[in-house]
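In what follows, chain A forms one complex with chain B and a second complex with chain C.
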Partner chain A sequence: MMIIPEDHIEQSLEASLDHCIKCNICTAACPVSAVTDLFPGPKYVGPQAQRFRHARQPSPDESVDYCSGCRVCNEVCPTGVRIAELNARARARLVAERGIPLRNRLISRSGLVGRLGAGPHAPIANALLGSKPLRMVIERTLGIAREAPLPAFSRYTFRSWFRRRRAPQIDAGTPKRQVVYFHGCSANYYEPWIGKAVVAVLEHNGFEVLLPRQRCCGLPLLSNGDFAAARRAHEENVAFLAPYALRTIPIVGASTSCTLTLKEEAPELLGMQSDTVRAVAQQTYDIFEFLRLLHMRGELRTDFRPIERTLPYHPPCQLRAHRIGRPALDVLELVPGLRLIETHAGCCGIAGTYGLKVEKYRISMDVGAPLFETVRRSGADMALCDSETCRWQISHGAGVVARHPIEILAEAYGLVT
Partner chain B sequence: MRTLTTDVLVIGGGATGAGALRDLSLRGIRSALVEKGDLTHGTTGRYHGLLHSGGRYVVKDPQSAEECARENEILRKIMPHCIEETGGLFVVTPADDESYAERFIAACRRTGVWVEEIPVREALRREPLLNPRIQRAFAVRDGAADSFLATHANADDARRHGAQVMTYHRVTRLERVGDRIVGALCEDLRSGETVRIHAGFIINATGAWAGKIAAMAGLRINVVPGKGTMIAMNHRIVNTVVNRCKMPSDGDIIVPIHTVAVLGTTDIPVPDPDVYDITPEEVRLILEEGECLIPGVSRMRALRAWAGVRPLYKDQDAGNDRDIPRTYKLLDHETRDGVSGMVSIVGGKWTTYRLMAEHTVNLVAQRLGVTTPCRTADLTIEPSHDGAAAAPRAPARSQFAILASPFYMLGHRLAEVEADDSYGDLICECELVTRAHLEAAIRSDGTANLDDLRRDTRLGMGPCQGGFCTYRAAAIWHELRDGATHTVGAPPATALLRHFLQERWKGVTPTLWGDQLRQERLDELNYLETLAVDRLPEATLDAIEQPRDVVIEEVV
Partner chain C sequence: MRTTIVIGAGLSGLMGALALAEAGLRPLVLAKGQGATHWTAGTVDIWGGDERSPREALQEIGALHPHHPYALIGAHAVEEAIVRFRALTEAARYPYVGGLDRNILLPTSAGALRPAALLPVTMAAGDVRLGGTMLIAGFRELRDFYPPFIAANLAAQGMAARGVYLTIPPAFRRREYNPVTFARLFDNPAFCSDIGRQLRAQRGDATRIGLPAVLGLRDPTGVVAHLQDESGAQIFEIPTLPPSVPGMRLFALFQNAIEQAGGRVQIGSEVICGDGRDRLLTTVWSEAAARRQEHRVERALLATGGVAGGGIRTDHMGMVRETALDLPVRAPANRAAWFAPRFLDPQGHAIYTAGVATDAHLRPIGTDGAVVYDNVTVAGALLAGTDTVRERSRSGVSLATGWAAGRILAEWMA
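Then we have the complex of A and B:
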């Protein structure tokens, strides 16, 4: 089975290793290699090890599996080596050769897990997952760390709420503007209130929110090396979203990892190059990127109520990988009284499903330690972060509530969600 | 002056000399080898690493082709750990004469060179970067060979059978009594001491230097040193040996070897095997020709260029030097010149080194009255010298199936480092040389400088060309070798450091553009701005090789 396409993306990734001048800046910046000897560092598993990998020989290494995929290495590389992609592909090679452990199969299927757990029966599922003895059993049998921060299932899904609610009236005078909302698995199954906040904010700004079919963006599959399943996920999403993208209707998401996957991760890693794939990528925006764009055009409503608070804000790695600055800071700056303090504390350590794994849990907590400390020292009882798994990890590590910045924005607009 | 006596003295520590030494010792003949540098220091260590299928010579030089085809199979059997089964392709590019392909096939059949035409589509599947406009593709049994490792393996096996290996010993005089050569005077380049070696017989296996040695006995051998320039690319742009299907000429082959792919080569006669340069024109020509095989190759990262000199033997009128047969020639000076006690073996190629040794030792054994037959084609050479093998090995984990392959595999070293988690102990990060590899190599006999360690371990041969490993290696050397005797300062280590940096720099100058220029700038900042290597006190090192006369022109 040929999982990795031998296309020009592969070649250009391969060629990017030629730009490595061994400067070690990536290794110095890597949050994982700083806390464990099990990960030799991005340079080692990336451009260095790549010279020893052979398309027709078995994978010679496995320490690459300890890469959390945070992409800090890409961000700091002065010569543009695509280290994170090299690592992701190397992991996919390993998986293609040796198979995927059941645990990774399970935790990388966020949609499936969500469908099983969310709904009226959620309290039972949550109670079970909250039970320490059961978590011990799960750790031993599956390898999911018993302390790892698993989110609670919601009693209803975001989509069911959206279907049942009364569609708002849009002023007859304003031109009809549409936007597609890509809610992702977390807003649908775990945190529907975030989806509601997104819808409220967009509608407050005069948009009709469209909710086409969608499935998991596939990022957990990509980071667990299951490229075949990730490809199927992305193909389906492209089929669902392309009709809108081709009509230049923007696609926004508040899960910054989903939007990064649609924009860049899936097409690049999977070598998907079609026009429709590109159209979807080009029309996809992170929610605050989109709101900042509206503001720059003078189209964002600024009828904010003052919020007198000072909160720590953590820009997650996946947001930084968008290379769009800190749009949440730019937009929330408009709210009178609200002060956000950027944490500047690297990575929270969870890296999606990485920190759930028993052999990596300790690493993820050690990686996140400086961030947890920063949040705790701020004295605030709440932190803001754009990525769901990071929020769960921050709550777990720092013991404070972590919320999506869109929730604060909705509050500032006086929108009850 | 030291004196020693042996039955046979082999001059030259390349593939042929080491092969002859092993052959002699397996036949129970007492023997010693002298080499003026490190083993493989000359031509053997400066070639592209091709294990010939014979395909390259089928049309022009059928005898060489036959020899190569036979030896190819033998070497795969006796030293699999020194050989990578890359397979080879001969491809007809749009720039090539289409009619050659039929002659090529017919000649392969005649000479016994295994060949099979494969669909172009299949060739492109195997090598995606290959020119998509190639018209035909032929698979052959080319391979890649580690000539450093193979030579050490031969020498070590010979040592195990009682032979002596003396590196950094330069022959200064051949001792001739009447019409018989009876020994040689050597200078130990490290101590300056003179060593007299009485020998019943001398084998002159000095390749391109054979004429210089013979001249010491008043004999004339017409060796035409043919310079071949090669360029190492930063990574393996192909995993198969790729040849142009045409009459052999400049820049028509790419050999994947270890972590690099080598583009080659040229063939330019030089007057002296010790004096040659690499011209920008050669580099340009090789890259331009490479474009026919791999479009875009000239824009990929080239690590360095180097040249070796072929020991071409010219005994008749050959039109130009490419017309000199690639087969070897055994010169029996007794029948040829009336001087007994010495034979010279010239010409040939790495692939046929064992056969050359066998042929030579057959004659020598006969003269010495030894009737034990040659066994080098049957006895496997055990891996031993490789720093990797010498270092303590963790039990191979089952999932690293790669470690169980009898042949060398590209990922082998990475798998080893992973198996014993020694990635925290890498001294040369590019080529994954661990502290254990390096210490084993430093402790081994005959190692005189960091460039010798390079040949043993691949230290400094990767993208950064010594940028990050040279100072580390010099420090370890100091700890293990000189630390006890030099308590203040580290003059030998300083000299080693400078010598190695200089050696690396020479090879990089012809490829200084793009990524490699950026790399060298970083290296320069590290060594000159941070470590101030240029301000360290002057130190000379007796133990390093004599400065060679290689002149490299500056390339902008």
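Then we have the complex of A and C:
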């Protein structure tokens, strides 16, 4: 079975190898190779090993499985080599050769796990997952590290809240603007308050929020090398979202890894190049990217109440991979009194599902150590971060509450969520 | 939103961004990746192309090369940039020493001698004119740094030197090493102490010990002091192959100073085009996921580097273009004139003088001499009229024109 089709993306990745001048700046920046010998660095497993990877030969380098997919290598490469994509595709090759372990099948299906755990029975599921003996059994049988930060299921889903709530009053005088909200698995099953904050902020700015059907963006599947399942996920999402994208209705998400997947990860890694796939990608915005765009056009409401606080802000790797700067900082600096300090401490280590795996848990904590230290040293009792798994990891490692910047913005608008 | 844009995060872009940030303009630095700082030795070469002192060369350059960037901005502007740069490094407790009066000769990791006007204090004891016997020490695990080879080449040039290998203490062994791995090891005092003891045991009659430039990322001057205490000799760093630890230190201290002054640095965002009207650049776009990111521009500083840095691209058809804003490039008219027949021709290769021509305010000009954009200044290796590799003026031109371009831009319509 051909998992990776021949496509022009594959060819452009191959071509980008020749731009590697072996300067090792990627290895110097790689947070994983800094803390473990199990991963020799992006240069070796990326552009270097790629020259040995051929269609009918076994994968030469298994250490690519220890790449966390944080994409810092892409960010720093001075010559534009697409190292992270090379690694992700190489991992998928390994998976195609060897099959997917049950553990990885399970943790990469965020939507399925969420559906099972969230709802009125959530307290039971949470109590079970909070039980140390049970976590020990799970670690032994499945290989999910017993200390790894698993989020608590919500007693209700965001979608059920959205369906039940009273329809918002939109001023008849203002032109009706619509926006699609892509909530992702985390806001739906674990953190519905973030979805509520997104809806509140968008409606406060005069938007009608639409909630078409959607499923998991497929990022955990991609990072676990299950490209076939990821393709099905993306095809479905494109089918759900394309009717809006083709009418140029923006698709906004507050889970920065979901938005990156819709924009780029899925199309590039899976070689999906149709016009509808591209239309969905081009209409997708990370929430603060969208709000910053509104502000640039003079359309963002700025009726903020002051918040006298100084907070550490961690721009997660998946946000940095959007290559859009720090939109949360740009927007939140409009709030009087609020001061955010960017952490500059690389990666939190979790990398989605990477840090959940028993053989990688220690690595993920070592990668995150400088960030945890920075957050602790800031003295603040709260940190901000745009990615859910990173927030869970920061809370786990630094022992402070980690929140999405949209929650602070909703607070500044005086919107109770 | 940020409308002062600096394109490029090498030394010239960072100096320019610092000038703009200190003027209160909250610059946004956009760069394709981590670049020149991480590639270069971390010294500042003002002029090393001949026997003259950098000061003499600066004062005389206008007579022979009126379009050289140094001539355009003037010697006083170069001195001003140096003063600011030294204050910056001193404030970060990583001071640079030296000056314009003479070049200091430093050993390279091939054992050749390289002139530098300014150098981090961690390299100061490497000045080969200091005399005495040198011990060159390294690690077998650090590739492309061979102490016996370096020592032999120094000895062949009349300098007493000996090369030895040190042993990595078992508790600190890794499987893969590069300069940064070592720098992190040297950040650990226990590692430093062990290395210091080895150096004392190996020292012999040496009064100075050269080590690869990997002596810590956090507090290199502290590491040098620690090693000097333990070993009883003067310690100095010799630059390695990339990634350059001294360059990484420089980048970090610049980023910190720029952000403290209200600027921001966005790495991984290549500027791919710009748009303007009436001699004003109004917008630039940087590459991003799914679509370009738009940046409105009030003023912009262009510091993307030359042919080697990626700011100028050439192709086999003989096209030479500036990659970010598509500015006119002054270059040999046809491809046959790019290169001299001999690889190491003392005259250099003409293509390396290719660049964007500017007026005295570092604004880009076209072939007709007219300014292309009033609100854009150009700095660093992208500038035409200099072969900085041959002149050994690369970081000096970057430092001086970066600062000057930032100051000029800050004052524009102030």
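Points to keep in mind about this one:
Here is the rule we go by: the second predicted complex is superposed on the first by the 417 of 417 C-alpha atoms of A that agree within 3 Å, B and C clash if a C-alpha of one lies under 4 Å from a C-alpha of the other, contacts with A are read in each partner's own complex, and residues count from 1 in each chain.
By definition in this document, a contact is a pair of C-beta atoms (placed from the backbone, for glycine too) under 8 Å apart; a residue touches a chain by one contact, two chains touch by 3 or more.
From a predicted model like this one, the values you see are computed outputs, not experimental measurements.
In the superposition on chain A, A:T353 makes contact with neither chain B nor chain C.
By the touch criterion defined above, A:D18 lies against chain B but remains apart from chain C after alignment on the C-alpha atoms of chain A. Of the two partner chains placed around the shared chain by superposition, neither chain B nor chain C is touched by A:Q393. With both structures placed on the common chain, the touch criterion links A:T79 to chain B and to chain C. After overlaying the two complexes on the shared chain, residue contacts for A:D37 are found with chain B and with chain C alike. Contacts of A:S186 after superposition: neither chain B nor chain C is touched. When the two complexes are overlaid on their common chain A, residue A:N104 makes contact with neither chain B nor chain C. Residue contacts after overlaying the shared chain place A:R292 against chain C, while chain B stays out of touching range. By the document's definition of touching, of the two partners only chain C reaches A:I324; chain B does not. When the two complexes are superposed on chain A, the residues of chain A that touch both chain B and chain C are 23-24, 37, 40, 44, 79.
Interface residues of chain A, counted against chain B in their complex, comprise 6, 10-11, 14-15, 17-24, 37, 40, 43-44, 48-63, 79, 98. In the complex of the two chains, the chain A residues touching chain C come out as 23-25, 27-29, 33-34, 37, 40-41, 44, 74-80, 260, 263-264, 281-282, 284, 292, 295-296, 320-326, 329-330, 342, 344.
By the touch rule above, chain C contacts chain A in their complex via residues 1-2, 28, 32-35, 38-39, 174-176, 178-181, 184, 242-243, 248, 255, 259, 264, 266-270, 286-291, 293-294, 296, 310. Contact residues of chain B toward chain A in the complex are 125-126, 128-129, 234-236, 239, 259, 300-301, 399-402, 409-415, 418, 421, 423-424, 426, 429-430, 432, 462-464, 467-468, 515, 518-519, 522.
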